[in-house]
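Each of the next two complexes has chain A plus one more chain, namely chain B in the first and chain C in the second.
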Partner chain A sequence: MISYLIRRVGTSIVVVIGVSIAIFVLLHAIYPSPARDVLGLRASGTQIAAWNKQNGYDDPVIVQYARYINNLLHGNLGFSYANNQTVLALFQERLARSVYLSGVSLVLALLIAVPLGIFQAVRRNSIGDNVATSVAFVTYSMPVFFLGLILIQVFALSWPVLGFEASQSTSLLTVMGDWHDMLLPVLTLTLITVASFSRYMRSSAMDVLAQDYIKVARAKGLPERLVLLRHLLRNACLPMITLIGLSIPLLLAGNLITEYLFNYPGLGLLFFDSLGKADYPVMLAYTLIGAVFVVAGNFVADLALTAADPRIRLV
Partner chain B sequence: MAGQITSLEAAGTALVPEGGEIGAVQSGWRLALREFAGNKLAVIGFAIVIFFVLFSFIGPLIYHTNQIDTSLSAANEAPSASHLLGTDSNGFDQLGRIMVGGRAALEIGFFAAFIAIVIGALWGAIAGLLGGFADAVMMRVVDVFLSIPFLFVVLILAVKYGATVLSLSLVIGGFSWLFPARLVRGEVLSLRVRDFVAAARVAGAGRSRLITRHLIPNALGVVIVNVTFQVADAILAVSYVGFLGFGLHYPSVDWGDMLSNGVQYQTDGYWWLIYPVGACIVLTVMALNFIGDALRDSLDVRLRRR
Partner chain C sequence: MRLMSLRAAGVFLAVAGLAVLSACSSSSNSGGGGGNGAITLPGGLGSVPAAATGTEKAGTITWALGPGTVPNFIFPVINSANNSVYNEQSFSWDMWRPLYWTQNGVTPELVPSMSLANPPTFSNGDKTVTITVKSAFKWSDGQPLTSKDVLFDIDMIKAAVKESPSNWPAYVPGHFPDDVVSASTPSSSTLVLSLSGPVNPSWFTDDILSYAGPTNPLPAHAWSKDSVNGPIIDFTKPANATKIYNFLMAQNKSVNTYATNPLWQIVDGPYKISAFNATTGAFTLVPNTAYGGPHAAKMSNFQGVPFTSDTAEFNAVKAGSIDIAYIPQTDVPQIPVVKRLGYNVFGMPDFGMNFVNYNFKDTTGHFNAIAGQLYFRQAMAHLEDQEGYIKAFFFGAGDPSYGPIPAYPQSPYLPANAATNPYPFSVADAVSLLKAHGWTVTPNGTDTCTSAGSGANQCGAGIPAGTKLAFNLIYNTSPSIIGQQIEDLASKAKQAGIEISLSSSNFNYMITNYNDPAAPANENKWAMEDFGGETENPYATTFGLFNTGGSTQIGDYSNPTADSLINASIASGDPSAVKKEASFLTANQPAMFQPTPDYIWAWKTSISGTPESFENLTQYYATPEFWYLTK
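Right after this comes the complex of A and B.
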C-alpha cells in the first residue's frame, strides 16, 4: 500500500512537471514576451528588444522556464495586461462562483444518476429503462449550449418561470440564494453530466447484479430493499469514483460553455473574455490550473477507490 | 430471433472446413459484421451518417443556393417555398448553409479522427512493443496531454492562428490520439504474449508477417470502435469552438457558428435559425455514437469467439 502510494505520488508529480513544460512551451510559442502589451502598439522593434533584454525575455529557454516555475511556486500566475490585474487576483475573484456552479451541478448529477442507473439496471428493458436510456443517449450527444438553449426556450421564454441570465451578484451568498436565476445554468450542467454518469451507473449496477453475493443476499431472504441498499448501491458506486476523476476535463469544458451561455461571471467566462482580448497569460494560467486539477482529481479518485474497495490489493 | 440463430449456425458450419475445428480469422469478422447488421440502432446510425454525407456533399449540387453574396433585403425570412428553411441574418439560405456547415463538420471530424488514429496507433504500438523505460516515458507523455483540458488548447490555438478546416483538424487530431494510443498499447501488450502469436512464430512467421497478419488485424478492432467516437467528439469540439465565435471564417461556416448567430434571434422566435442546425449536430453525433456502441458490442462477440 505504502509503495503504491509513493509510486502514485511520483507519477502524479512527473505528470504535473510534464504539464508545466507543455504549457510553458505553448506560452513561449504564442506569447514569448509581454513587451508589446507593456510598451504599446507604437513601440519600435529596438525598444521591444531592449525591454525584453532588461526583463529577461531573451534569456535561454531553460532559464525562462526556471523563472516561470519559480513564479508559479510563489503563487505568481502572471499578469493580465488586458485587465491590468494579476492573474491570481482575477482567479480569486471568480473561483468561488465557478466552484459553486460546478460543485452543485456535480452533486445534483450524482444524486440523480446513481438512483436512476440502479433503477434502470433493476428494471432492465422496462419502459422506464428504455425511456431513460433514450433520453440519456440524446442528451449525451448534445452540445452543452444546445441543451442550454432548449432549456432557456422552455423555462425562460415560452413558459417564463426562470431567468435566462445567471445571477450577476459579486457576493456568493446572494448567488446561492438566487434560485430563480441560477436554476437554469445548474440544470444545464447537471443534465449533461447525468447523461454520461447514468450510462456508466446502469452498466455498473448490472455487473453487480450478476454477482454471486447478490444471489446469496437474496437467497438468505433479505428484503429486496436491503439487497439494493446494502449490497448493490455501495458496490455499484465504486466505478463512479473513478468516473468523477476522469470527467473533470468535461466538467471544465461544460463550465466554460455554461458560464458563457448564461453570462455567469466565473472562471469560464473569464477564459472566454480573455480569448477575445488575446489575453494569453490568463488563458494559459487557467489551462495550467485545469490540468493540475485533472491530475489531482485522478489521484484523489484512485486513492478514494483503494480506500473504498478493499478488494483492490495493491503491491 | 430464432431465424437469426439458425442462419448464424448455417454460416458457421459453412465456414468451418471439413474435419477442422479452427475457424478462419475472417469468420470472426464476418460474425462481427452480422452482429452489427442485426443491431437496429447501428443500421439507423449508419443510415444517418450516410444521409449527412450525401446531404452535405451532394446536396448543394441539387439544392442550389448562393452562400457567397449576402442579401440583406432577404434577411431573416421565415421558411417558404423558395427558402425551405428560411434565411439567416445575412440573407443566406439556411438549408444550403447547413449543407456547407455539415461539409466542414464531417471533413474536420473524419480528418481529425484519422490523424488521431494514425498517431495513436503508432505511438501505442511502439510503446507496447518497446516496453520497459521507453514505454513508461511514452505513456507519461500520454498522461500529460490527457490532463490538459483539450477544448481550452483548441480555443487558444484557434485564436492565435485562426481556424480553418485544416488547422482545426490538426489541433483536434493532435490532442485526440491519447485514448487510441492507450488502447493500442494495451492490445499490443496482451497480444504479443498470446498463444496464437507464439504458434505463428513457431510456424516460422517472420516479424513483418507477425505484425501485419496477426498483431495489427487483432488490434484493429479497438481502433475501429474508437474512430467512430473520435469523429463524434471532433464534431462536438468544432461546434463548441464555432459557438464561442472562434470557428471557421467566411465563406466557410460551421454548425456551432450558425447556432450562435441564431441565438441572437431566439427572443424574436426565429426558430429556423436554431433548431434545424442544432438537430443536425445532435443527429450526427448520436448516429456516430450508435455505430460506435454497436461496433463495440459486435467486437465483443468476435472476442468471445476467440
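Right after this comes the complex of A and C.
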C-alpha cells in the first residue's frame, strides 16, 4: 500500500513536470514572443525588444523554463501583465468562486442522479423511466449555452423571479447566500451533469441488478429497501466514483460557458481571457494547476474505489 | 432593412442636424447640446435627443464594461502593455484630464473648454512650445494646478522611457520626450518647451499633448516622492524622477488599494474613485466637487459594471438593469426592442480604419511586384462592395471608408477624395484596369500577365510574362464580419480572374507572425492579411504605419511622396498637411480600406445631458459629468 502510494506520487510528479514542459514549449512555439500581442500593433520594434528584455523573453527557452520552475518552487506563479496583478492574487480572487459554483452543481447533480439512476434501473421501461430518459437525452444534447439562455429568458426576463446574472459579490459568503442570483447558473450546470450522471448510474445499477448476489439477497427474503441500499447502491456507485474523480478538475476550470453567460468571473474565464491576451504567466499557471488537479482527481478516485470495494487492492 | 431606413432618413436630416449640433456646440463649447429636436449626425445610426430641460437630479448612473474592457491601471503615465482606450478614456481621464481634450461629440477635434490649458503657442520655427495652464482648474485637495504639474508629468514620462521604451505607448525614439531639449516654468501658469526640431503644431497639440501619450498634469505637490511617508523631492533631477516613477508604478500595481490609496484621491478631473473591485474591475466614481471644468449642475455617481460576455451585457439591457450600455454588433436587429424597453440608441463607427494589408515584400508568385503596381491596388479597391457589406453583414449599422481617414465620423482633416468612393465597386472596372496593363483576364479562372514590361500598358516592373494573378489572404476569424467581407471579396475577385486563396487565423497569431518587421522569416508566407483595424489619433497621420521603415509598419509599403507628406504632417507648419497626406494615401491605396461598423450605445430615457456627451460614447469616451437624471 505504502509503496503503491509512493509510486503514484512519483508518477504524478513526473506527469506534472511533463505537462509543464509540453505547455511551455508549445506556447513558445506558437507565440515565440508575446510582446507584440501584449503591446499592440502600435508598439515599435524598440518597444518590443525592450519589453521582451524586461520580462525575460529574450532568453533561450530552457533558461526561461528554469527560471519559471525556480519561481514556482518559491511560490511565485508570476505576474500577469494583462491584469496588472500577480497570478497568485488572481487565482485567490477567483478560485473559491469557481469551486463553489462547480462544487455545488456537482453535489446537487449527484444527489439527484444517483437515486434517479437507481429508480430508472429498478423501474426499467416504465413510464417514469422513459420520461426520465427522454428528459436526460434532451438536456444532455443541449449545449450549456443554449440551456442557460433558455433559463434566463424564462425565469429572469419573461417571468422575472430569478436574477439574470450570478451574484456579483466578491465575498464567498454573500455569493453562497444569494440564491436569487445563483440558482440559475447552478441549475444550468446541475441539469447538464444530471443528464450525464443519471445515464451512467442507470446503466451501472442495471448491471448490478443482474448479479447473483442481488438474486440471493432477494431469495433470502431481504426487504427490497435493504437490497437497494445495502447491495445495489454501494456496488452501482463504483463507476460514479471514477466520474467524480474526473470531475475534480472542473473545480478549477469552473465552467467557462456558465461563467461567460451568467457574468460570473471565475477561473475558467480568467484562462479564456488570458488566451486572447497572450498572458503567458496566467496560461502556464492555469494549465499546470489543471494538470495537478487531474492527477490528484484520479489518485483520489483510485483511493476511494479501494475504500468502497474491498476486492480492489492497491499494489 | 428598418435600420437602413433609419439611416436613409438620417441622411435627409443630416443638414438640419448639423445645424442644431453646430448651435449646441457653440453655446456650450464642450459638448454641450441643446435645442428642441433630436440630433441626427451624418453617418450615424439613430439620433441623440437634445438635453432635457427642467429639474436636474443626481443619483447613480451605471455603465456597462464589456469583456476585456475593465480598468486595471490607474497611474496616468500608462505603459504600453496596459494602454487601452478603456483604461484611459473611460476611467483614468475621468480623474486626471489630459492637457488638451480632443473629442467633441463624435468629431475628433480640440475642445477648448474641456482643456486644462489654453491652446499652445508655437514659436522659433515651431521649435518652442508655450503652454499656459488655466487658473480655473484646481486639484481636489484645493491646491492650484500649475505649470510644474505639467512638467512633472513630462519628467515622469522621461523616467518611464529611460527604464524601458515600452513604458510609454507613444514613444518613438527621437521624438517626444527625447526631443525636449529643455523645459522651464517661468511662472506658475506657463511652461515653455524647447524642442530639438520643428513640429507640426496640430500634430503636437492633438496627438502628443492630448491623446497618444497623453500629457496629463500630475499633482507634483503630493506625488513627487519615493515612498509612502517620504518627503516631497525635486522631480527635475533625473535620479529622483526615476525613484518617483518606480514608487508610483509600485502603488499602481496594488490594484486592491485603488480606492483607498490617498495618492489616487488627488485629482483634477470631474471624478474621484470611491470603490474598486480588483476581481471584476467594477468601480464607483464620485463627483470631485473642486472640478473646474464644465459639468451638469448636479453630478451623479458613476458606476462601471463589468460583464463577462456580450451576451451577459445584453441580458442586462433586456432586464433594464443597466443605465448606459453598448449594443453588441450581433444584436443590432434587436435595437427596436431596446428602444421599446426605454432606451435611446445611437451608433457611429469609432474614428479609425479597418484595412487589409498588402505584403510588399512577398516574392511568392512575384506578389511584391504585383502589389507595387497602383493599377492592381486600384482594381482590388474596385472589387470591394462596401455598401453591400454594410447592408448584408453589418445589418446596416456601419459606414464606408476609403482612405486612412474614414468618411465617418467626419474629421476636420477628411480630404475630399475620401468622402466619396474614389474606386466604386465595379468588377468591370477592375477587369478593365487589368486588361489595360497587360493581363489576359479569365473570369472565374486565373489571369495571366501576357505583356511584361514597365510600360504604361504593361504588367509592370518585376512581373514576368506568364505570371498568374494568384495569391493568398489570411484573415482574422473574429469578429465574423471580417471573414464575411473577405469571402465576398474573394468571390468578386474570382469574377475578375484574380485567384485569392483564403485561410483563417486569429488576431494574436496574425500580428505576431504576419508582420514583416516583427516576423521577417515569414515575409513570403502571406500576400494579404486582414486582422481588423486600428483606432486613430485625432490628428490622423499615418506616421509609423505607412512611412518607409515606420515603427509600426506591417507590409513594408514605401512611397517617396507618401514619406514626404507624412513627414510634413508631423514636422511642417502646414495646418492642412495631414489632409494632403490622407488624400494621397486614399488615392494610392497602401492598403485596402474597409467599411467600419457602428459602435452602438443605448442609454435610458430617464438620463439626459449634452448630446455630445452621449455621442462621444461611440468614440470610447465617457464624460458622465454632463449627465443627469430627469426622473
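Throughout what follows, the second predicted complex is superposed on the first by the 259 of 315 C-alpha atoms of A that agree within 3 Å, B and C clash if a C-alpha of one lies under 4 Å from a C-alpha of the other, contacts with A are read in each partner's own complex, and residues count from 1 in each chain.
Just so it is clear, a contact is a pair of C-beta atoms (placed from the backbone, for glycine too) under 8 Å apart; a residue touches a chain by one contact, two chains touch by 3 or more.
The model shown is predicted, which means the values in this text are computed figures rather than measured ones.
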Query raised in the report: What is the contact status of A:L149 with respect to chain B (first) and chain C (second): first, second, both, or neither?
Result: both
Report task. Return first, second, both or neither, reflecting whether A:V294 touches chain B, chain C, both chains, or no partner chain. Result -> first
Query raised in the report: Taking the superposition as given, does A:P160 touch the first partner, chain B, the second, chain C, both, or neither?
Result: second
Query raised in the report: Who does A:A278 touch here: chain B (first), chain C (second), both, or neither?
Result: both
**Report entry** Partner chain in contact with A:L238 - chain B first, chain C second, else both or neither
**Finding:** neither
Query raised in the report: Thinking of the overlay built on chain A, is A:I23 touched by chain B (first), by chain C (second), by both, or by neither?
Result: first
Requested in this report: Look at A:Y264 in the shared chain and tell me whether it touches chain B only, chain C only, both, or neither; answer first, second, both or neither.
Outcome: second
Query - Residues of chain A contacting chain B in one complex and chain C in the other - result: 30, 149, 152, 157, 260, 276, 278
Report summary line: Residue positions on chain A within touch of chain B in the complex are 11, 14-15, 18-19, 21-23, 26, 30, 137-138, 140-146, 149-150, 152-153, 157, 249, 252-253, 256-257, 260, 271-272, 275-276, 278, 280, 283-284, 286-287, 290-292, 294-295, 298
Report summary line: Residue set of chain C touching chain A in the complex reads 67-68, 72-73, 80-83, 164-166, 169, 171-173, 252-253, 255-256, 277-280, 282, 306-309, 311-313, 315-316, 318-319, 321, 507-509, 511-512, 515, 517-518, 534, 544, 551-552, 554
Query raised in the report: Given the complex with chain C, which residues does chain A contribute to the contact?
Result: 30-33, 35-48, 50-51, 53-54, 81-85, 89, 93-94, 149, 152, 156-157, 160, 164-165, 168, 170, 259-265, 269, 273, 276-278
**Report entry** Touch list for chain B against partner chain A, complex
**Finding:** 140-141, 143-153, 155-157, 159-160, 232, 236, 239-240, 243-246, 256, 259-260, 263, 266-267, 274, 278, 281-282, 285-286, 289
